[in-house]
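Here chain A shows up in two complexes: once beside chain B, once beside chain C.
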Partner chain A sequence: MANIMTVDDTATMRQMISFTLSSVGHHVVQACDGEEALKLARQKKLDLVIADVNMPVMDGISLIKSLRQMPEYRFTPILMLTTESQENKRQEGRVAGATGWIVKPFNPEQLINVVNKVLG
Partner chain B sequence: MPIDIRQFHQTFFEESTEGLAMMEQLLLQMEGAAGSRGMTSPDPENLNSIFRVVHSIKGGSSTFGFGWLADFSHLLETALDDLRAGRRQPDRETTDLLLRSVDALRNLLEGARTGAAIDKTRIEEIASALEVPSVTKAAEASTAEAPEHGWHVSFQPGPELFRSGNDPLRIIRELGALGTLQVSADVSRLPRWEAYDPETCYLGWQIKLSGRDQSRQAVKAAFEWVADISEITLAPMREAKRSEGDTPPASGDGDHTLVKARGPSIRVSTARVDSLMDIVGELVITQTMISETVAQFTPADLPRLLVGLTQLERNVRQLQESVISIRLLPIGFVYSRLPRLIRDLAQRLGKQVDLELSGEQTELDKTVIERISDPLLHMVRNCLDHGIETPAERRRAGKPETGHLRVHAHQKSGYVHVVVEDDGRGLSYEQIRQRAVQAGLLNADTRPTPEQMHELIFYPGFSTASEVSDISGRGVGLDVVRENIRSLGGSVEVSSTPGSGTRFTLRLPLTLAIMDGLSILIGDQTYLLPLTSIVESIHLTDDRLSRLPDGQEIFALREDYLGLIRLHELFHIPSRHTDVSQGIVVVVEVDGRRAGLYVDELLGQQQVVIKNIESHYQRVDGISAATILGDGTVALILDVAGLMRLSPRPVMAPDAPGCVPRRGSPRSTISDPRALH
Partner chain C sequence: MNEPTSPIVQQNGPLGRLPRWWAWTAAGVLTAWGWTLIYLPPGVAVGSGAIVIFSITLLFVYGRQAAASLPAPDSETADSAGKTDDLEALLADNTSPGMLPQVDDVLRTMANEQQQKRLEDLLRRWVAVAQQYSEANLQLRKQIHAVIEQIEVAASTIADSFQTIINKATVQAQQAMDLLEGTQGAADDGTPQSLKDFIRVSDERLTKMSDEVVRVADLSVRMVKELDGVQKRTQAIDGFLMDVEKLADQTSLLALNADIEASRVGDAGRGFSVVAQEVRRLSKRSHEFSDRIRGHLSEVRVGLNKTYGDMRELSAADVKHAVKIKDEILTLTRSLEGKNREVAETVSSINAISREITQDVQTVVVSLQFHDITSQKLNGMLEPLDELRRTLFHLMQETLKFDKNLFTSVPGHEDLPARHPLTMTHEAATAPEPAAALEAAAAASSPSKRQNSSPSVELF
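This part shows the complex of A and B:
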């Protein structure tokens, strides 16, 4: 189905997202920070990027900015993972070009719903 | 489709444990920096790393419903945020609090993982010290407003909408899931063709959403991501009675589920798995080749078959090495606990010490790593408690006030050596002697050699701390350390210079599962000798043997005299010959001691899989384990250090060349009682 990338510095989150989305037939690639994500994004066109905000090397906001500057990712859905308390991060992400956000904690069903919604 | 998220628990626990270890290290670094340069603001990068650790734990624990853990990590995160924003001082007190928070998190994690008891009072105490009012969950007044007939929605997206990757169609479709839609587009903002920019959103929509029980929240949720860049108005449709209101589904919060761990796991780099896969590929090819050769076998094919078998042997060996390497972990895992321990202990003892760690990349089998952790901690603690002096004492001795403690690991001939070294006062031989006399281990008038004194400190229940401290002077200590290390097939050695330091050397096998051995024959029994302990094999003639008055046979080998151990006598096996020139003498060395083992025949070198015999039978002195030979028979693996202990006479240490072991030495009184049977 869709090519999705999960970007998170915690393996737990990556594994959970990857496993959940793979189980409904998506192809999922994993990156552990923004820089690795950019590398992967260049190699292959992705249909959706799910990125954490807080990451070493390159954080989620910078990743979104960089992706939006690439012609092939101008309109690609990019979702941020945020927590309840990160209102300002959401704003920052929005300005950087994020499509939306998923609020942690979430369960697999919620994730699938959101992804289905975005992929239409 | 239900997905069981419990399968991610194990990763979460492992990751969190690693994260906490890192956090602890960073905190100690921060504290170290603050100590030497006065008050400084911490390195923002370090602070960010710490923040990320806590943030991940918080995220994971709330996802998995570990309520306590989530609440606590939330408090900690807030405190860290304050620190980051300069609202909290990065002083020693804060660092201390953060370090205690690490402990609290460990406790909570352990509680979530195994159901172990949580130290509630302590955690609450730390939590309140984090000075943030406990999370009061703003009981979200559920603005459940669900008109019976639906909503009028006006949706005017901002022009930038597309550039965030959003799509109005998607939003409208989502609304459609809530009820029946009647949508009309508002094209009034569309510009003239020449001015039209395809990447700008000009359209707006009027939507009539009809149906029952759509809460305002649910409708708003569809616009959640675009609310701040669009104009959205919601109005309930008229001619509606208010419904009873809906209750939001209960969330799983506060459900402190305990999880049984799924058994230990290790993380392996993909490169290692790939290489494993390559080897398995090779193995399949070899197997095909052999089965083809065998299928139409004629004697002329024999060379081909042999080539195939050689290849098979190589593949199996590679496979074995790869599998072993998967189980290898860097010793750094054990090191990570040391800085904290040293810090706390030094503080309590009023001592100053520099910890130097090196060789953290040295790899050891996972089981070995797990089992040396405590012994290593114990030795380090011992060095700090007994070895390193107080600053005043050091000053008097003309040494720098800050002591030096060094832990170094390196690989050497199939073993890993871990050295724990301090520049403290060294072993006090006089104290050891007195203590031994007191304990009845030694006659009052004997003057044991330093070597024998070293042996004494490993004696069960032996402790020289003049007053028993709660740190390492409990008298359970070095003997347990040595037992643990020996049970891993390793050894402990100590050397000391009075006034300038003590050095402990742990010698550990790389892996516990497979060993290179030399098979030897005694009578009609096959035994195995670990290759790592063999120095050389020699032929002796009777005239090179001399006999000490007590009957111990010795022989000269170049500079040294070595004791001869006739294994058939030790094991009471009828030997084929007793004339030393008809058999062969294998010179072995362990812990710097050497001896000659007299055997009937050397059979050859081979790799053997080690099978524990203690768990099936009992501990046997002089035998470390057993293995199964190619023909299916069981062979015992000799424990060289044990044989030397079994041999009634002490075996020469190489640092006393040309001298004959002293007879009547006090050794028989102080040596391990097991050596006497």
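This part shows the complex of A and C:
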């Protein structure tokens, strides 16, 4: 199964994502902001990143840009999971290199389907 | 004496703003003094005159102060007021040179000072309200942060407990499924591996055993009958032996007679006597054989009697009892099968509940995300509060530069300039992405709008 990283400043969100994806056999690591996520991404190759947009220290858009600059994460799927639903924000995420955009609150079944789809 | 009365009728000049009561009082004092003047000695008259002049001056000054507290003339009447001032100045030159303009200035200054005081008082009250609001704002901010933290702790605890419950429910469901497979599974190699299989095999074995019991009972009955025949035959053999013994006795008797007859004949019968003795010896041996056979036959009879008793006992066992036991065992196994079906149904029900739990889990996972949305909404509430506090703080700083004395009567003003920059810096550092939080809160507070505007999941 895949190595997935969830990045969110809210502990409950990280728990819920981790719980949902672990229940179908994925291995999930957690990071509370973009900077910690980058640190973890350098330590271990990840198959998928699910990140929030609004976070302290380093926001989700900056995280995508930083990850896309790393050769090993150029083509890794990155999903944004956020309360932001405005089109301009989506566009910003798309331009930065996000693979998909999920608006909170997420439905577990839906998240699993999307994850399976982007993982191929 | 006309001069004091003229301002009474004036409306726009400096004296015209004096209240009428002053002029009337001054006139009364002057009249009283003039009325008593003719009865007083010259020295007393001079003294009382000085007192009257002093009193009138005091009344005039007091009257000007009272006039200063009246509303100032508006701009529309400014020109006409200026003209009236000029007329007042001309009149003053002709009547009371040097006295009325000085009093007028004093009164005007006093009125201005009083108005200034009232404005300052009002401004102090505004500043006090602003500071109180600022403090209340700070408290509100702390409270909101405390609420966010408490919600985070509570939500985290709920999430942990929820995960524990789900893990236990998953284990429970798995165990139920294992139990279901264990009770309903098939035997692979003939040995009973499931309860159902065990019941089937037990039923088969018990039926077979019961049939064997019945068959043995039938056989024992037949054997008893056979033994009856054998016993009758042994009795017959016994009778035959008695006949043989009688024959032997008779033979021996005949041989004895023959021997006697042979002795009587003499030597000619000696040979016959030998034969007769031999016949007697044979007869005796025949008797001995008969005795030995009887002995054996007696032992056989004893054995047969014992076997016959056992077999009778065996055949006397109630076959119906064996059949009844078989039926009872069959009833028990049927009951066990019923229980087994109930177990299967219960486990199936548990399985169905597990599926329902899976659905509920999804609902709870969605609901538990409320913390994130609530926190963002609360953070969104902080930003306008912070903005208002910043504005208030800057206004208060500017007011402080304008007049430091404004804060002298405000409670808690001492730490105002020092505390506010610190608190503002601290809050600016802790305030999480105000604009983004506001937008997020707005988005979260209007889910229907969000759904209408864009999909919840989009892959680029």
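Here is the rule we use: the second predicted complex is superposed on the first by the 117 of 120 C-alpha atoms of A that agree within 3 Å, B and C clash if a C-alpha of one lies under 4 Å from a C-alpha of the other, contacts with A are read in each partner's own complex, and residues count from 1 in each chain.
One rule holds for everything that comes next: a contact is a pair of C-beta atoms (placed from the backbone, for glycine too) under 8 Å apart; a residue touches a chain by one contact, two chains touch by 3 or more.
These numbers were taken from a predicted model, which means no experiment stands behind them.
S.K.: Quick check on the chain A-based superposition: chain B and chain C, clash or fit?
M.R.: Result for chain B and chain C: clash.
S.K.: Answer with first, second, both or neither: which of chain B and chain C does A:102 touch in the superposed model?
M.R.: The answer is second: A:102 touches chain C but not chain B.
S.K.: Which of the two partners, first being chain B and second being chain C, lies in contact with A:94: first, second, both, or neither?
M.R.: Both partners.
S.K.: What is the contact status of A:39 with respect to chain B (first) and chain C (second): first, second, both, or neither?
M.R.: Touch status of A:39: no partner.
S.K.: Where does A:16 make contact in the superposed view: on chain B (first), on chain C (second), on both, or on neither?
M.R.: Both partners.
S.K.: Of the partners chain B and chain C, which touch A:76 in the superposed model: first, second, both, neither?
M.R.: Touch partner of A:76: chain B, not chain C.
S.K.: Considering only touches as defined above, state whether A:110 meets chain B (first), chain C (second), both or neither.
M.R.: second
S.K.: Should A:118 be classified as contacting the first partner (chain B), the second (chain C), both, or neither?
M.R.: both
S.K.: Once the structures are lined up on chain A, find the stretch of chain C hitting chain B; candidates are 2-10, 344-352 or 434-442.
M.R.: Stretch clashing with the third chain: 434-442.
S.K.: Identify the overlap between the chain B-contacting and the chain C-contacting residues of chain A.
M.R.: Touching chain B and chain C on chain A: residues 10-13, 15-16, 19-20, 54, 56, 83, 94, 98-101, 104-109, 117-118.
S.K.: For the complex, which residues does chain C have touching chain A?
M.R.: 152, 155-156, 159-160, 163, 166, 361-362, 365-373, 375-376, 432-433, 436-437, 439-440, 443-444, 450, 453-460
S.K.: With touch defined as at the start, can you tell me which chain B residues reach chain A in the complex?
M.R.: Answer in residue numbers: 1, 3, 5, 7-8, 11-12, 15, 48-49, 51-52, 55-56, 58-60, 62-63, 162-167, 169-170, 173-174, 199, 224-225, 228-229, 252.
S.K.: With touch defined as at the start, can you tell me which chain A residues reach chain B in the complex?
M.R.: Its residues touching chain B are 9-13, 15-16, 19-20, 23-24, 54-56, 68, 74-78, 81, 83, 91, 94, 97-101, 104-109, 117-118, 120.
S.K.: For a test of understanding, state which residues of chain A touch chain C in their complex under the given definition.
M.R.: So the residues of chain A touching chain C come out as 8, 10-13, 15-16, 19-20, 53-54, 56, 59, 82-87, 90, 93-94, 98-110, 114, 117-118.
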